[in-house]
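Labels run A, B, C, D, E and F following the written order; every chain starts at residue 1.
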Amino acid sequence: MNRNVETFIGCGCAYEQARIVLYGAPFDSTTSFRPGARFGSAAMRHESFGLETYSPYQRADLCDCAVFDSGDLELCFGDAQRALEDIRARAREILADGKLPLLLGGEHLVTLGAVRAAAEKYPDLHIIHFDAHADLRDEYLGAPLSHACVLRRCHDLLGDARIHQFCIRSGDREEWAFAEAGHTDLHPFDFTGLRQVVDGLRAAGTPVYLTVDLDCLDPSAFPGTGTPEAGGVTFLQLLEAVRTVCGARVVGADLTELAPMLDASGVSTAAACKVLRELLLALSAGR
Amino acid sequence: MNRNVETFIGCGCAYEQARIVLYGAPFDSTTSFRPGARFGSAAMRHESFGLETYSPYQRADLCDCAVFDSGDLELCFGDAQRALEDIRARAREILADGKLPLLLGGEHLVTLGAVRAAAEKYPDLHIIHFDAHADLRDEYLGAPLSHACVLRRCHDLLGDARIHQFCIRSGDREEWAFAEAGHTDLHPFDFTGLRQVVDGLRAAGTPVYLTVDLDCLDPSAFPGTGTPEAGGVTFLQLLEAVRTVCGARVVGADLTELAPMLDASGVSTAAACKVLRELLLALSAGR
Amino acid sequence: MNRNVETFIGCGCAYEQARIVLYGAPFDSTTSFRPGARFGSAAMRHESFGLETYSPYQRADLCDCAVFDSGDLELCFGDAQRALEDIRARAREILADGKLPLLLGGEHLVTLGAVRAAAEKYPDLHIIHFDAHADLRDEYLGAPLSHACVLRRCHDLLGDARIHQFCIRSGDREEWAFAEAGHTDLHPFDFTGLRQVVDGLRAAGTPVYLTVDLDCLDPSAFPGTGTPEAGGVTFLQLLEAVRTVCGARVVGADLTELAPMLDASGVSTAAACKVLRELLLALSAGR
Amino acid sequence: MNRNVETFIGCGCAYEQARIVLYGAPFDSTTSFRPGARFGSAAMRHESFGLETYSPYQRADLCDCAVFDSGDLELCFGDAQRALEDIRARAREILADGKLPLLLGGEHLVTLGAVRAAAEKYPDLHIIHFDAHADLRDEYLGAPLSHACVLRRCHDLLGDARIHQFCIRSGDREEWAFAEAGHTDLHPFDFTGLRQVVDGLRAAGTPVYLTVDLDCLDPSAFPGTGTPEAGGVTFLQLLEAVRTVCGARVVGADLTELAPMLDASGVSTAAACKVLRELLLALSAGR
Amino acid sequence: MNRNVETFIGCGCAYEQARIVLYGAPFDSTTSFRPGARFGSAAMRHESFGLETYSPYQRADLCDCAVFDSGDLELCFGDAQRALEDIRARAREILADGKLPLLLGGEHLVTLGAVRAAAEKYPDLHIIHFDAHADLRDEYLGAPLSHACVLRRCHDLLGDARIHQFCIRSGDREEWAFAEAGHTDLHPFDFTGLRQVVDGLRAAGTPVYLTVDLDCLDPSAFPGTGTPEAGGVTFLQLLEAVRTVCGARVVGADLTELAPMLDASGVSTAAACKVLRELLLALSAGR
Amino acid sequence: MNRNVETFIGCGCAYEQARIVLYGAPFDSTTSFRPGARFGSAAMRHESFGLETYSPYQRADLCDCAVFDSGDLELCFGDAQRALEDIRARAREILADGKLPLLLGGEHLVTLGAVRAAAEKYPDLHIIHFDAHADLRDEYLGAPLSHACVLRRCHDLLGDARIHQFCIRSGDREEWAFAEAGHTDLHPFDFTGLRQVVDGLRAAGTPVYLTVDLDCLDPSAFPGTGTPEAGGVTFLQLLEAVRTVCGARVVGADLTELAPMLDASGVSTAAACKVLRELLLALSAGR
């Protein structure tokens, strides 16, 4: 008789054979408005059984990919630096084994742990960032390690013109000024310009980290998130954008900011699962 | 003093004068993921009083149509074959009286009872099927009578090329292969090709059964359903498609898979009511 | 130590310096279907802290505008005439001080109090009305003062061709006939014709009252309202329409029919807050 | 084929044979805090099918009683006086036919309409009142016709020492003083003294109207109400109290203040249904 | 790196060493009123991490017990006989290995599968049954295999005076008559008589199956169940009763009818977890 | 025209005249299970308007007390030490002005900030602690500053036998051993022994800090909290205990762990408001 195992649907590969490794970071301590993103990764696993493994969009089946789901890290609530260290350690281990780490949040701050590990291995790393919010504050309510600062901290690490932001429709005046000063490559509102950015990165063989804050989606498609921002992209636009990015050399990725309790209908979790399926298929096709 | 009567708004015609008869099938025993469709038909009646009987889309009023609402059948939970027999008996009775049976689900399996009755009377019956899911599995978790198999069972009855499927965006590999082998006429994702199909059927005078799984709608418009699938059609696209189909010789119809408890905002039930109003008006205009 | 003050974000101007004054009318006694709009104004203030004061759409910051938030009126439940008198008195006071009154509902009937005050000061007032419902009934369930009659009561006051209605997609047969007889200028379904209307009013220097029933939005974007009507406009279309109207000489405005308890995800309240921010910015730019 | 009828379970008697007549008043326009009691009566009918008709407490079956369910009145929202007139007219009609009117609220103000009709027929009427709130304000937010004033209005009609209040645990200072001055017979917190009161009324053959605001129950047993007050009685205490009162000569009764949307678990509606079953059985046993 | 495992907290023993084996039956197809019990077992595992493994009631720690959690069976929806067969097979396997099977529902019908297995091994089996409902119908809506019939089916198997029912407060007239005729040993409303029954069974060394329908609890303590019945026992009374029963020779047990979606507060799931912890500790102490 | 002020009902005293000062700490970053206590203080203010200021339990009116509500602190999420410093600073300021600081949480960790300030001024401080959980862990998930450790940190500060714990029914084995070793004075399950403890403290004139984790209440009365523990005290028991404690020399107090989003019925917030009213009245009576 077997012990009860819970993984994302279709991710039954053994670690040794896997090319992609899922790991969850159930952390949302710096969320300032409405918490709950800590439950995102577990909800995605649990609800993934309402999803088919076959994608009619890519005509491919998740069962043919080599994905291992290592479950959720056990993180320290209330101490962001410690939590980020644990995330970095896990990402580093996966990268060291030659596999692609795919992080499931959690709030967006968790990305910083994974990016630190990726930038160690790939010093020329670029980031492609889908989000409603610029996340470029230098500090937020006194804290430099906050979901509202995560891309600013990545900029500290990588420097100018290495972060390509899309769908951004919220930020304070200083964040917009920071981006417009050329520190990041910010594309407001939608995915305009994404194909050109990806073409350039692919041509140069640049390693890319893809970070998706799911609130880039319009709240009508994805209400279950801490800070919903009306005026976002559609689900089908996001799927196409994800496939576009996978044309480049993606070395790490994440999906963040699903807060399943905030959407009792379950639609947001189901959408997140489908984005993850499509991302896994597109990453697998490209490797 | 009168006893309390509850019907869908504007459906106050006597049975004898009625041209369309509503009947509900509050059944969801084979629902594998999230149950609740059993409450769909009662919720539609109850919430219909938030709706006007007049449609600015068709410039017509439900009060001018001849519709009788016979309420819900009392079905046996946990025994799908018995439930289907009871549905078939009711549909047969309505058809025998020369009226159009319009079934309110319940889960999608209930359609099979109604289609069996319609196919008895109209051996050359075709089905037009709007759905997110192909529903073409040969069995599901060991059961041949499952919501996931309902169109496959209809295919058993009608044979190849008699089922026209639209908006399909989910299914396992075998279902897609079954459709692509020509057993059904599957149009993925949206209503592309619908007008041509309807034109052909109308020209031939073919009797048509219209089955609408409301999850063909995008979850943003219709979150209250057991298995929401992102990437669906809009409400206005569905209204237009319904009117288009009513250009053919429709002899039976259904709306299924509203699970009202899954959408506490009531938006899904309100949308379902409006689809029903528009369907009743379009069917009435065509008769 | 300061007492606890709660205002809409960024509305910290003193009354004397303010050019726009917010006032709330937490009233929904005539709501016939699903109540809860009484909580709309308080929810908008409370949840506004999830919003930025800076708008990337207008490249402007609410902190640079001169807005005073006077909180909610304390209104009598169950006596509509009294409540409307109190609303009129507050609007009259704001107008007398040369400021623009911006009313936060509450149900749509509250508009009548504000329009009465505005029409006193501006006898040539026109109304621009965004709504899913025509609200042109002469009485509803026996009451002439009902949310379903509010624009009819405004018509009693202003006469023919002074009310410009947009996005209307629901009403009974008599309401549509009333509008089509030329009593109001009704544009069904969307904002078609808005720019021409505004251009005409601007050219003539006509004073305009803008009343926004937020259920003009599609329920996918705004489920939290008493009577959701599928088939509405998108959030971005509404933002553009609001900016368009502010090109005319707007002398009063309102946002109504947010019922926050009906949308537990908070998306509707967040959308309403963003519409208010954009309206305040556009009104400020135009003054 | 029969039209769809919805009555409270087991209330299938014809009007002519009935000894008790149910009538609903879906009204809550004066509710100042959280509305929703308008949905109470319909929810009780709808959810009654989760209940057995047999009571092990009284060893009796509702199917053996003679109860007719006349459904809900269609009342004018926003005009309390009109709504009360319609309720009085219905109660008067039932009383004139020699039957016992049993009113399902709605907010507590609806009781006034029924009490007016009962006091016409029985000038020596007494009221037994179960409630968390004294409801003795002379006016509330300017309105004399408010749920918070309903027993004060009854006092206007009946005079001193005719109203027996139980379970009261909330009221302003003036209300407590009014009761303590002997205008009503107020028993705070629980049912202490009920049996003596009932014994006295029975001995005298005094006609009694029983009004039950279901918020007399502790919120743990009955959370679904507009103004929950911790510290109430248990469900079994209420059942016993209801049976006790039915030892007197009850000529009219009501159950009010179920607001089903406020308790998504359905427990409150289920409890209200069971109180109604037990009340109907006890009234039937006593007649 | 390890695969993600999800078990009830503190149940980390290997199968070979285990004395108690948990197995889940996520089935609710015959639920006639409000479904959702299918999610009970998974919710208990998931939410158990809010619980301590140490019990101050028994001064013992779950970590010291030998419990293996084998996860949920994959059952066929819509075919009750098949589902019961699969449950019986699993229970038989656990019993054959000399361990105690502890079943987590699911609806109450699942008990029948486990009882069939236990009665095979222990022909002199008695059942102790905690429930709000008698569950003694001979058939329900035409089905003999229904949650409303489960104890009647057990009676078919075991015969008269072998089933001891407690807390029963709901049933139709025939069920009460059936019990009162001596077919079962029914104790209404609470646990009166339990100790005597247990003392007798212990003295005789009789094997006992304990089936707990969690709706024996009052809905104030346990709202998250399909058919809540006011007037139940308290949580502490249930804990004591569970410990009392474990004084006898318990050879199998179950907890059923948690429907977690019906109680969004999570209180019901938390209570169920605590009952399970206390049951596991009491069973372990007795072995 | 006045700015919108939001305070707890009846707390309209000026700061200078106040004897009690409310201050809120909307912080829950270390909550490990289900967050949301950050919204507790704001919800209490907002919902307090459903409450009367008069208490029939104490026959006193909040309007006669001298309470100032200073609103919520703006705290840093994700940095517990900084948040505690800000809380300590506010408490110190209130104490320095000779007033009693009454803190509204937030999670239970916030108590540590207030206790640090109180212990500075009153080195002989004792704590009376009502809670379901012992909160005596030395660290939790690696963090010494966690809600699960808050009383242990207080013990670090105050030493043995200065903390009197009541209602405790959850903790790991080490926490129980720590208390049983005499480090704290732990009374399990209920308020047994409270009167004796208070009598002793009053006789000695000892300054007392009262910390109430509202989850000491049974979840049936108070479901809206992060970690509900069945088997708690009733609301009326808590009221009596609060009044008992106020017989001693209370110099500071708090109410924590209301998570209003977890109880959509609003019952938990209403109960918390009533506990606060009774606490304020009892504290005022004693001063």
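As a convention for this text, contacts are C-beta pairs under 8 Å (C-beta built on N, C-alpha and C of every residue); 3 or more make two chains touch, one makes a residue touch a chain.
Fair warning: this is a prediction, and the values are worked out from it, not measured in the lab.
Undergrad: Kindly list the shared contact partners of chain D and chain F, in label order.
TA: Of all the chains present, those in contact with both chain D and chain F are C, E.
Undergrad: Taking each chain's centre as its mean C-alpha position, how far apart are chain B and chain C in Å?
TA: 38
Undergrad: State, to the nearest whole Å, the distance from the C-alpha centre of chain A to the C-alpha centre of chain D.
TA: Chain centres of chain A and chain D, defined by C-alpha means, are spaced 56 Å apart.
Undergrad: At least two partner chains per residue is the criterion; list those residues in chain F.
TA: 218, 220, 264
Undergrad: For this assembly, give the contact graph shape among line, ring, star, complete and other.
TA: other
Undergrad: Dump the list of chain pairs that touch, please.
TA: Pairs satisfying the touch definition: A-B, A-C, A-E, A-F, B-C, B-D, B-E, C-D, C-F, D-E, D-F, E-F.
Undergrad: For chain E, which residues are in contact with chain A within the complex?
TA: 1-7, 15, 21, 42, 45-46, 68-72, 93, 264
Undergrad: Tell me, which parts of chain F touch chain E in their complex?
TA: My answer: residues 33-34, 168-173, 176, 188-189, 218-220, 223-224, 227-231, 262-264.
Undergrad: Please give the residue numbers of chain E that touch chain F in the complex, ascending.
TA: For this pair, the touching residues of chain E are 49-54, 56-57, 61, 218, 220-221, 235-236, 239, 264-267, 270-271, 274.
Undergrad: Once bound in the complex, which stretches of chain F touch chain A?
TA: Of all residues in chain F, those touching chain A are 28-32, 35-36, 38, 74-80, 82, 109, 141-143, 145-146, 261.
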